[in-house]
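Two complexes follow with chain A in common, the first pairing it with chain B and the second with chain C.
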Partner chain A sequence: MADLAARPPLLRVARSRLRLRPGRAGAVVAGLILLVAIVGSLLAPLLWPLDQSAVALDQTRMAPSWTHLAGTDDLGRDVAHRTVYGLRVSLLVGAVAALVATVLGGVVGGIAGTLGGRVDRILMRIVDTIAAMPHLLLGIFIVAMLRPSLGAVIASVGLTHWLSTARIVRSELLSLRTRPFIDAAISGGAGRFRVLTRHLLPHVLPRLALATTLMIPHAVWHETALSFLGLGLPPHLASLGNMINDGQGSLLTGAWWASLAPGAVIVVVTLAIAVLAARWRDRLDPRVRAELHL
Partner chain B sequence: MTSAQHLLADEVSVSYGRQVVLDGVTLRIGRGETVGLRGPSGCGKSTLVRVLALLHRPDRGRVSIDGTAVDAVRYAVPVALRTRVAALFQSPRAAADPRLSLTDLIAEPLRATRTPESAVRERVAELADLVGLTADLRSRRPHAVSDGQLQRACLARALVHRPDYLLCDEATAMLDASTQAHVAAVIRDYQRTQRAGVLVITHDQTLLDRWTDRIVDLAATARARA
Partner chain C sequence: MTRSPRLAGAGAVVRRRLLVALPVLAATSVGMFALGAASPVDPAKQYAGAAAFTASEENLAQLRANWGVDDPLPVQYLRWIGNLVQGDLGWSTSRHEPVASVLAARAGWTLLLIGVALALVLIASLLLGALAAYRRGGLFDSALRAAAYAVQSMPVFWLGLAAIAVFALALGWMPAGGLTDVTATSTSWSDVAHHLILPVGVLAVSQAPWFVLFVRDAVAESMRDDHVLAARARGLPGRTVLFGHALRTALLPFLTLVGTHLPELVGGAVLVETVFSLPGLGAVTVAAALGSDFPLLAAITLITTAVVLAANLATDLAYAAADPRVRLDG
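Take a look at the complex of A and B:
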C-alpha cells in the first residue's frame, strides 16, 4: 500500500483508467497496432493513393531515406507505400478467407454434431480425407484451376482451412448434447429448435468466433506463401507476398530493404492478432491457458 | 385399472454395448408416495432415472405414466407428457446452463412452453421464495453461486411445471447438512400438497428411513444376472 501511495497521482490515475496490469500491456499494444493497421489500410486510397502499375526506373534500389522511408525496389517503386497496400490486400484476404472457412466448417461441423450417427461418420471421413492432403498443395491446386486473382486466393485459403473448424464445432456439439443441462431442457419441454438456438449455439458461437480470429493470421501467411510462389495475385498488384518475392532478387544485389518492410509488417500484424486472440481464448476458457503471452 | 395413478417402469432392460445395466427391472412410483431407491454403485440407478424421465429408450420394457404407455423418448415425447416428470440430478453444475442467471434457469421451462412473460415472472418469484433463493442470488449466474444455491435453483426449475412425478438422483449428496434438510423439506411439502410421486436415490440410509414411505433395493428387484 505504501508504495502505491508514493506513486505520482497522474500515473496512478492512468493505471486505474486503463487498468494496465502487466499482462494487459501486451494486449493494449497489440490492439493499437491492429487498429492502426486496419484504419490505415482502409483509408490508404484516400490519404495516399497508389498507381499500382507505375514504375520509376531512374529511382531503382534506393536505400531507405526521408523521401523513401523503406527504400525503393527493382522498379523504383516506394516500398513503404506498397507495403501499406500489400497489408490492405493481406488483411482482406485473411479476413474473408477465415470467414469462408468458418462458415463452411461451422455448417459441416454443425450438421455432423447435431445429426450424429451415419451422417456424422460420413462427413468426418470426408474431413479426414481432405486433412490427409498437404493443404498448401491443395491450395496451389485450387489457385491453378481458377487463375490468379483475389477471389482465387480467398477460395484457395478458405476451402483448405475449414477442417479444424468443422472438428471443433462437431466435438463441441457432441459433448454438449450429452450434458445434463440439455436433458433438463428437454424434460422442461424445450423442442429441438429451442435447444439448438438457446443452449447449443450460444456455447459454440464464441468458440467459432475465436477459431475465425485465430485463423486470420494463418490465412494471411497463406496468401503470402501463395504470392511468394508466384501463384497469388497478379505480379503488379502489391501484396505482402508479392513484395517479399520481388525483394528476393534485390537481396542478392545488396538491396536488403526491399523485403524488410513487408516482412516486418506481416510478422508484427499477425502477431498482434494472435496475441489478442490468445487473450480472448483465456477469457473464454480459463482452465486452458494459451501458450502466447506478451 | 382404469385410471392407474403411477409412474411405472415395466420390465425395463438397458445395456450399453455388451454391458447389461438394467435387466428386467420393474419399479412403480404411486402418486402421493415417496419411494427410496438404493443399490450399490454402478447398478443402474441413474440409468433407471433417465429411463423414467423419458430421456433414454430402454432396450426392452416400457415406461407408462398413469396407465398411458410412452414409447417415445426425448424430443419425441409430447410436451404435455414430458413436463409431468421432472428430474433433479446429483451435480447442479452439470445440470445448469452456465450462461443463464438463476432466474432465467428457473424460467427456462416456462419460456420453452410459451408461457406469457408476466406469468413467468410471478411463478419464478414464487418458486425462488419457496426454495429460499434471496433476491441478490437470483440475478447471478451459476459460476457465482455455491453448489447448494445452484441445486435450490435446479429444484425450483424441476417444480416449475408442477410435475406429477419428481425423480431425485442423489440430489442432496453434494449439499451441506442444512441445505440438504431444506431441499428435502421443500420436496416433502411439494409431494404432500401436489400429491406427487417422488423417487429418492441416496446412499444416506438415515435420510432414506426418515424421508421415504418404502425403500426398493435395485439389486434385489433386478432379475438374477449372470
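Take a look at the complex of A and C:
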C-alpha cells in the first residue's frame, strides 16, 4: 500500500484523468456522438416534429443548402429531417432486437454452460448448424411470412442474431466453473442455484451487456437491409433503410445526396458504438487489449 | 473414402456431422413450415394476384383444393418435405414456374458473383493482412485497420450506391447495373465481365475487413513463433520469413474459418444483386418475399444452408488432411 501522503494532490489526479490520451480522445468523441444521437432521436418529436406522409412536390430533388442541409428527395421531403427520424426508428429496432437476441442467446448459452456435458455438446452443435444459415435469408423468410412490420423486423433480427451471444455466455460460464472461488463456494455448502445467481451471473452480466451493445450495430444493419429491400418498415415511414432505398432512384437522376445522409449516419453511429465497446472490453479484460483505438 | 491414415476418422466425422445436421435441418424446416402456416396470407389469393378480386369463390376453393392447402398441417408438411427430399422443390407461386427451374436459371450468377468476390477477398486479405502484421503498429498497419473498421461499418448496399454514384455516374467508367449492355442483342463474356466488375468489387470490399483483420492478427501472432524467430535469426530475407514462414502457419486455421463466413457472403450477395439489378437469386428472393412465396423462399434458405454446411465440413476435412496435428472431433 502506498503511503497516503505520497498520493498526488486531487487537482493533479483530476487533470491526468481529463487529459485526452490517444484512444481516450476517440472514446470521448464516440461517446459525444452517441449521446447526441440518442438524445436527439428521443427528443426529435418535441423539437422538430415531422409529418411522415407530407410531401412538397414544388421542392423535389433540391441540392443541399442552408434551408435543406442534406437536400430534398424525389417527393420534396427534407432528407436531414427524415434522417433524424430514421435514426430514431433504427436505434429503437436495433436496441429492442438486440435485447431479444441477448435473452435468447443468454438462456441457451446459460443452459449449455451450467449443465455442460452432453446437453452442452448437443446445444452447441445445434447453434453451429443454425449459424450455417445465411441470416439475411432467414430474416427475409421470417419477414415475408409475418408480413413486413415493426414487430416482424424485430422478430427477424432477434431470431437470427442470438447465436454469438449463446457462444459467449457458454464459454464464459465454462471457464468460470473451473475457477477456485466456485469450488470454494460449493465446498462452503452453496447450492446450484446460489452458485449460479451469486457467483456466476455477476461475472457473466458485464460480458452479456457488452455483447448486447456490440450487437446493436448488427441489428441496425439487418433492419436497414430489410427496409432497403422493401421488406422492412412501411415505405412512407422514415427509416434509414427506406431512405437509402428511395435514394437509389434519385441517384440515377443525379440527386446523389438523397441516400448520402442516412448512410453516413449509419456509419458514424455504428463506428461510435464499436469504439466505445472496444474501450469497454479493455476495461473488462485488460490482458487482451482490443486493437481498435481510433 | 481414402485410406490415408490422416483421414482415418473422416468417414465417422461425416456420419456424426450428418447425425446432428439432419435433425437440426428437419427441425428448422418444421419451424419454417409452421411460420408459413401461421402467415396471414391466403396462398390462393396471392397466386391469383389482381384476379383475386374478380375470381369466384369456387375458383379460389378449387385452387386451394388443388394445392391441398386446406389439408391438416402435418399432412401438408409431410407432403412438402417428402417432395423436397425426392428432389421436387415445389411450385413457385410468385414466379409461376417450378422452383427448380428458377434456381437453375438464377443460381449460376449468384455463385459466380460470390466465387469471384471470395477469391479476390482471399488474395487481398492474405497479402494486406500479412504486410500489416510485418510492421505491427506501423503506418500501413494503422491505416489498414482504420480503413477496415470504417468499411466494416458501411452497409453493403450503401457502399454499392456510392460505387454507382462515383464510378458509373460521375466518372462513367462502368455500367450502373444489369448484366449486359441495353443495346446488346446477345450475351458476350466481355460485356458480362465489364458489368460484373463493380458488383464483384463492392461485395469483395464490403467483406474484406473481417478477413483482413483476421489474417493480420493471426500472422502477427505467428511472427512471435519460435520457428519464425529462428528463420529471422538465420538471416533470411523479410519477405521469405513473412510469406514462407509466418503466413504459412497462419494460413490453415484461416482457411477453415472462411467456411464459417460464407453465410455473410450470401447475404451480401443478395443485397449487391439488388443494388446492381443482377438476375441472380437475390432478386427472386426479394420478389418471393414480397409475394409470400413459401416454396421458393424455403427451398432457397434450406439449400443454401445445406451448401454452407457441406462447405464447412469440406474445409474441416481439408484442414485435417493438411495438418497432422489436428484431430477431427464432432
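The definition used in the following text is that the second predicted complex is superposed on the first by the 276 of 294 C-alpha atoms of A that agree within 3 Å, B and C clash if a C-alpha of one lies under 4 Å from a C-alpha of the other, contacts with A are read in each partner's own complex, and residues count from 1 in each chain.
One rule holds for everything that comes next: a residue touches a chain if its C-beta (ideal position, glycine included) is under 8 Å from a C-beta of that chain, and two chains touch if they have at least 3 such contacts.
On a predicted model such as this, the values are computed, not experimentally measured, just so you know.
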Which superposed partner A:Arg194 touches (first chain B, second chain C, both, neither): first
Which superposed partner A:Ala277 touches (first chain B, second chain C, both, neither): neither
First, second, both or neither for A:Ile168, with chain B first and chain C second: neither
Partner chain in contact with A:Arg147 - chain B first, chain C second, else both or neither: second
Partner chain(s) touched by A:His203 [first = chain B, second = chain C, both, neither]: first
Partner contacting more residues of chain A (chain B vs chain C): C
Partner chain in contact with A:Leu229 - chain B first, chain C second, else both or neither: second
Which superposed partner A:Ile186 touches (first chain B, second chain C, both, neither): first
Residues of chain A that lie at the interface with chain B and also at the interface with chain C: none
Chain B-facing residues of chain A, complex: 179-181, 183-192, 194, 198-199, 202-203
Interfacial residue positions of chain B with respect to chain A in the complex: 50, 53-55, 74-75, 79, 82-83, 85-87, 89, 91, 94-97, 99, 108-109, 112-113, 154, 157, 160-161
Residue numbers on chain C that touch chain A, as the complex places them: 20-21, 24-25, 28, 32, 35-36, 38-41, 145-146, 149-150, 152-158, 161-162, 164-165, 169, 176, 213, 217, 260, 262-264, 266-267, 270-271, 274-275, 285-286, 288-290, 292-294, 297-298, 300-301, 304-305, 308-309, 312, 330
Chain C-touching residues of chain A, taken from the complex the two chains share: 121-122, 125-126, 128-138, 140-147, 217, 221, 224-225, 228-231, 244, 247-248, 251-252, 254, 256, 259, 263, 266-267, 270-271, 274, 291-292, 294
